[in-house]
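Consider the two complexes below, in which subunit A is the common component and subunit B and subunit C are the respective partners.
The block that comes next holds the complex of A and B.
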């Protein structure tokens, strides 16, 4: 990065063509830049070279290295002359592929890799068309690696890509290499589910059919898939995906290379979080008062129904999982009709935190996921990376492997795949701790005076904790590239502003070529756009509906009832509404209560733009047209023998189109082109004006944030928690809690059993043991869940995941306190038989 | 010889050739009157076609009586007119099969590329050519109509005897396979 190209570049000749690359670039990479693809199995740009497969042999004719060499193992040097087509190299590669194929099990017809298999391609292109070896073949027994990865060891060519990824990149410990020489085996010590939440990447990495995708096993060939680039919606990072669909059903998602965001990999939540688009209970038909109708009639009924209302009594709720087009249409509708501004966030705290994070972001400060890997001191505040944005954890590991120091300040037992220092505080103490850290980092800096004076007072800390915070403050001040990560899901509204302000001042403390970064985690894939759009929060809206200040409600792609801690109160409020219209593609109890239902399309069918937490505008392409999956239309075991112009169940339309047509019926003024509308709806994202997103996205944030130099910070007071009481906090988990992926049948069926967390000190007081079944008395009724006890967790908290399999909605309110001694373990006879823990309301 | 003479002689030869050209077909026709006719009185009489002639397509079975097709999609990929469609699935016993398989004979050009592509010898063309229909929908054949109860042209081949997957037979039990490796053995 800082290396100057003149010093370190070198000129080499590959197949008669010259190229200038940085010194020590693997020759295989240099050739690829010329468009020459040297055959390879073990080399992968994200994993580096090991020289295991011997497939990338080329002939070095002149220069510092001579003779037949592996092009992945030789770094580029000045004056190298390389031939990839030299007869000696070609013959060598032909023989390599022949001996790699000697034990191949001859099962391509039933192998899912067939059609996109590197081994197939290299075998044919290497000229090995007929088997000469007639001896017995080596065989291996396979293992059951869990619900996502299918294992067929006979096909393995021992390239070590899977083990290198799993252990080095993802930090997993339960999968690797066993035995030696001819018996080398890739697997676990004993069969069982792969523990790493990034395990799915070994499917993409495996150049053969040894590791294949289990959910799409035996279902389709790559050449039959309708494929297109997309964006992951399961957190705010916006990782690149390639969607593969067949017969109106998503078959699989693969990682799409986006160097500044996810690199080559994605997490399993993103990879297997699909399937909600083909649920049998997905709304596919417009409905008015419970009767199915056609699109035009439903819209006309809605427009007619909205006319009698005063503009100030019509409210709209949007979701952060909607695409930018939908959000813009929603904002435009509210503005043109004079309705109340749309509501995106579940409560005032989250709305405040998201808005303060968005306000602290600017182009000069924001860090991409790739930047995390480049940082040398990383401060993670109020974020649980693995649960809220799993790919962030992978980036933190990348940074840690390069020598970065990572500090996590959080109240949860954050599990990270890398070495990190953990300091646990109660959520309301975090701002104070950050203040102590900031004082240590910015001591003696004149320009920081205003910021430091705005900080809350640090809480009373243990001397060693205070010392640790001071040490880390100094480390941040001395860092070459300090980075601050701040979550919003659990944060006090001012915390992201404090964290952003600290990052901004750290950046200011450096020379010109040094920098600092700020990476907030926002709620939902379009959380930044929603936060910039402002608006109220759902709690305030609920109060307004109860008081009759809002009498008509339009809900667009937002899960009111299944995400709120107060479903009963919401249901009662919804009954007071004179008009409730819902536009969504997820099934929810809200649809039953709605007067008008407009089925919308999922991201796979509608595509659209999304702005991730670094303000990067990215585009998802529509991959297939909506309709019932072929498998669900079979009659007598085969597709219906009919000629039809459209598929059954193809009524859903993009939510943005529904809203635009509604605006047309309501008599909106003249509209500019779609893209101009989009840019006008989000003045906080000036980069939108440049048009749709290019392949790897484009940052749209302003270069400097308005008023970013002096964050306006209100001092927060801590809530009074009586002694021996626990604050119940709703938290996210890697699997099973996120809004879309918890509706994905694959993840719902395989997510680990939900549990609640308690600090060891509290568990000791209440006499509760790790792994016990617990009965938690909540205001809405008792909740049964398995208990996990943690040493590294702030005391005074009970962490409850928003998992639909738990009855967490019995919380019936926010800020709920539970008396510690009223928690008790259930005896063996009382233990529920599984189905007891499922939520009846969840379809 | 004088040039005129040469010219005249050539002319005469041409005339003779032309005349013979007129008469020879009559002679052939006349001769054929006394040979056995090769015309077959179709449809009353039917010829037996060679086994490799390309007519109606079937799905054959392996020697153990199980269907051979593993729904690998190679036939549908090879088909130049895209008349083959199917959906692959996992059967209850774990093997890969086609949950439905459809050939549109209204579109099929009987080129035989599907048969060439088939790695399990499942899809085969038969000499049967007599299946014209009154409506085009009747030419769309589903799997039960395609699947026959014999092995077709190569009745002895069984893909699963050779492939090293466990669907039929454990690892190490297929043709030309060693016992599975014991990965926990410490000896070199």
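The block that comes next holds the complex of A and C.
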């Protein structure tokens, strides 16, 4: 008998209705497609079936399987006849829910799950309304699982969802299943913060009130919330979120299913990165020369102020966290007024890397996060997934668990929650190593000749390293679905183009039905759009301001003073400006220096479109209207006793609206601000012309990238590092460095203490031990931080996170070197008392 | 801390094992034998030697009946509450034993001599009702026989057998 092909479909009947599904689809899913929601606890589409709870029992009346069976454990087959309403099945389910409720504390009135609780739903639908069991209930002691997850074990029904997610999906090793039988306990070895940066997902997954969101505890019922779909802005992946707000304040964020992007899950940076929208120091009132005013007056003052300037002396700085509408308005303004091209990136290297990544992307090559899980050989080059795009780490784990081989080429000690081979090189060697690997992968391929000849020479390599690179090259060439991931945060400008070129040629080596993928990581949620728009870089702009070549500056949603390694220089330069206008919703020292302040709305209030790193257009909905959170106005006893037609603090407007109105006042209105307009602003995203994005987004990239096969490779010079010196590199971390989320009170209060990294060889030379407090002499003064020493990190580097709690801005410049032997550990008495390491300016 | 001999024994046992965690139960038994029960210190040391996190080892430790995470008496009595023993009135034996010793299941006598625990079928159903004392099998039991056994154990003649 021949085996059925995997995709074979079959026809079955559920409750008298026929449905055709792929063979082996769990019957519980097939029923759901008919709109029949079979009760369940343990089954979850992202976790698969284990048959642990026995809640999904149905009766199989006819076909290859007969009798009472768990519908999550039985795969669909031709000719099955299933009844979910058969009395035997109904009675079985009633008994299951009764026994699951036997120990339940009946504390729904004080339980945060109440109102969106699967256990409540299944108890009612299962017909269990009266308690018969009168014996003593089993009780547990709860644990403190840290700042985010509240634990109430007495409500647990032992469905295992949390532990399966935590260990299998996320690779966490500090939360699991203890004990046995009716004593089974879900928790940690001892109380303490859950270590996984994906831990928050167990809140969404738990079908009961056992694991609930701690920060929003006792603050709102589900039905009290204004809820709406949104997009996460804390990295370029654009994971789906559901925002829940109440009383003009975000209460909580939950993962929103987007099958091609984040699936069912998000990372904790995304989940707890909110709160900047309700900071007391958020700018809410338009200001001119330090005095509060109304919107019209501020705009008029700005338009009037801009008129005397020569067009070429007006500069705009935009941010990659702005929505597409804002970026388009900003680009339109610069073009129509003949101003200098806008600046989006902090330095020329980053701008170059982002642009080269964007240029290498096209519809036929780009890979989504879901594709990562489908790939069989994955090359990650110059990317630290957990720091730059946390959910990518989960996708890599999914791939590795399905047998994919993963190679990471980077200079940092990239932690991954999965098996991966690590080869570490200095950042400037990465292109050369990629070149070696590409030669091995594409050897003898005629169409690759131009690409290969454009590659830089490999650095001197140890024989075993060279062999490893060659082996991986061959693996990529033989793979069914090879995938190349490339970061931009640390990459030399040409590296993403080289990585993309390699992926393109790997795709070419395959038969029609095979493919290769390229997945770049970009700076910020709209980094791709900004990179496609081109423009200058901040370093060049700074020099121009100093030389008087730019005398008016408009900064829109870009936190440049707290992101630059040269804040003093910027402050001095800003004082030279004749006009500085800032439009933002984040508090920053920039606002103090500004002549005109235009408060903008956050994504929760303005919504808007974002294009993630795979060119997917997604929409965030405005979820609530801006205004001072009631939580704060009420703390002062009573909302302000003022007569006004709007809520206090509701002046912020969408940044795009400010810019459009400014354009109108400057006499260049007439832009409709519609989809044609957006498409015109971003010729690199032709798909924009098709209009608004569907629920799960839509790719907007051109189908092929013109000229992407032969990347132009500029020579990149390696910095001259004298012996026994360390190059200081600013790096990202999962928590505490990203622009928006480092202003989130929840993360700021709980992010792990910032640390610096050193390779074991360097630490050894300097006699420094892991965990020591270190004094790093920086040009702007010493920096104190804990040291972490790593075996798997390139030597000659000191990694410093852009964490506002560390005085990293004492770098006072880029390309800073420090002498290895001038690093020293400080003694216990000298150790800072905690707040010493934090910026005083940070409230 | 486990003494050097024990450490060496464990390391030898783990040598060349591809997945050290498959030896987790054996390592826990070795540690339990030295410490008398698997105390927190033993668990943490064991986890470290096995390359597991304390949670991962605790998951196993708390799953198995014969790993004791709390102090136990000199003699640990596991009364079988499997189906066959139950049909042979195991609960009478259990009740009698507890009454004689003045403890409830899970407790240890004040003199530190006896701990009473249930266990699943011990595989000697033909001699039901049955129990294990420090790994040694006794059955079929009657209340009288239980008294005799306790007497012998108290007098200390009974050689100390440890599981496994």
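Keep this in mind: the second predicted complex is superposed on the first by the 819 of 843 C-alpha atoms of A that agree within 3 Å, B and C clash if a C-alpha of one lies under 4 Å from a C-alpha of the other, contacts with A are read in each partner's own complex, and residues count from 1 in each chain.
Note that in this section a residue touches a chain if its C-beta (ideal position, glycine included) is under 8 Å from a C-beta of that chain, and two chains touch if they have at least 3 such contacts.
Computed from a predicted structure; not experimentally measured.
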Contacts of A:444 with subunit B and subunit C, given as first, second, both or neither: neither
Contacts of A:722 with subunit B and subunit C, given as first, second, both or neither: neither
Which superposed partner A:224 touches (first subunit B, second subunit C, both, neither): first
First (subunit B), second (subunit C), both or neither touched by A:16: neither
Touched subunit A residues, subunit B compared with subunit C: B
Touched partner set for A:631, first subunit B, second subunit C, both or neither: first
Partner chain(s) touched by A:403 [first = subunit B, second = subunit C, both, neither]: neither
Touching partner for A:173 - first (subunit B), second (subunit C), both, neither: second
Subunit A residues contacted in one complex by subunit B, in the other by subunit C: 178-180, 185
Interfacial residue positions of subunit A with respect to subunit C in the complex: 173-180, 185, 188-190
Interface residues, subunit C side, partner subunit A - complex: 53-56, 58-59, 62-63
Complex contact set, residues of subunit A against subunit B: 105-110, 114-115, 134-142, 152, 154, 178-183, 185, 187, 217-221, 223-224, 247, 630-631, 634, 637-639, 641
Complex contacts: residues of subunit B adjacent to subunit A: 70-74, 76-77, 87-90, 95-96, 99-100, 102, 119-120, 137, 140, 142-143, 159, 162-167, 171-172, 174, 176-185, 188
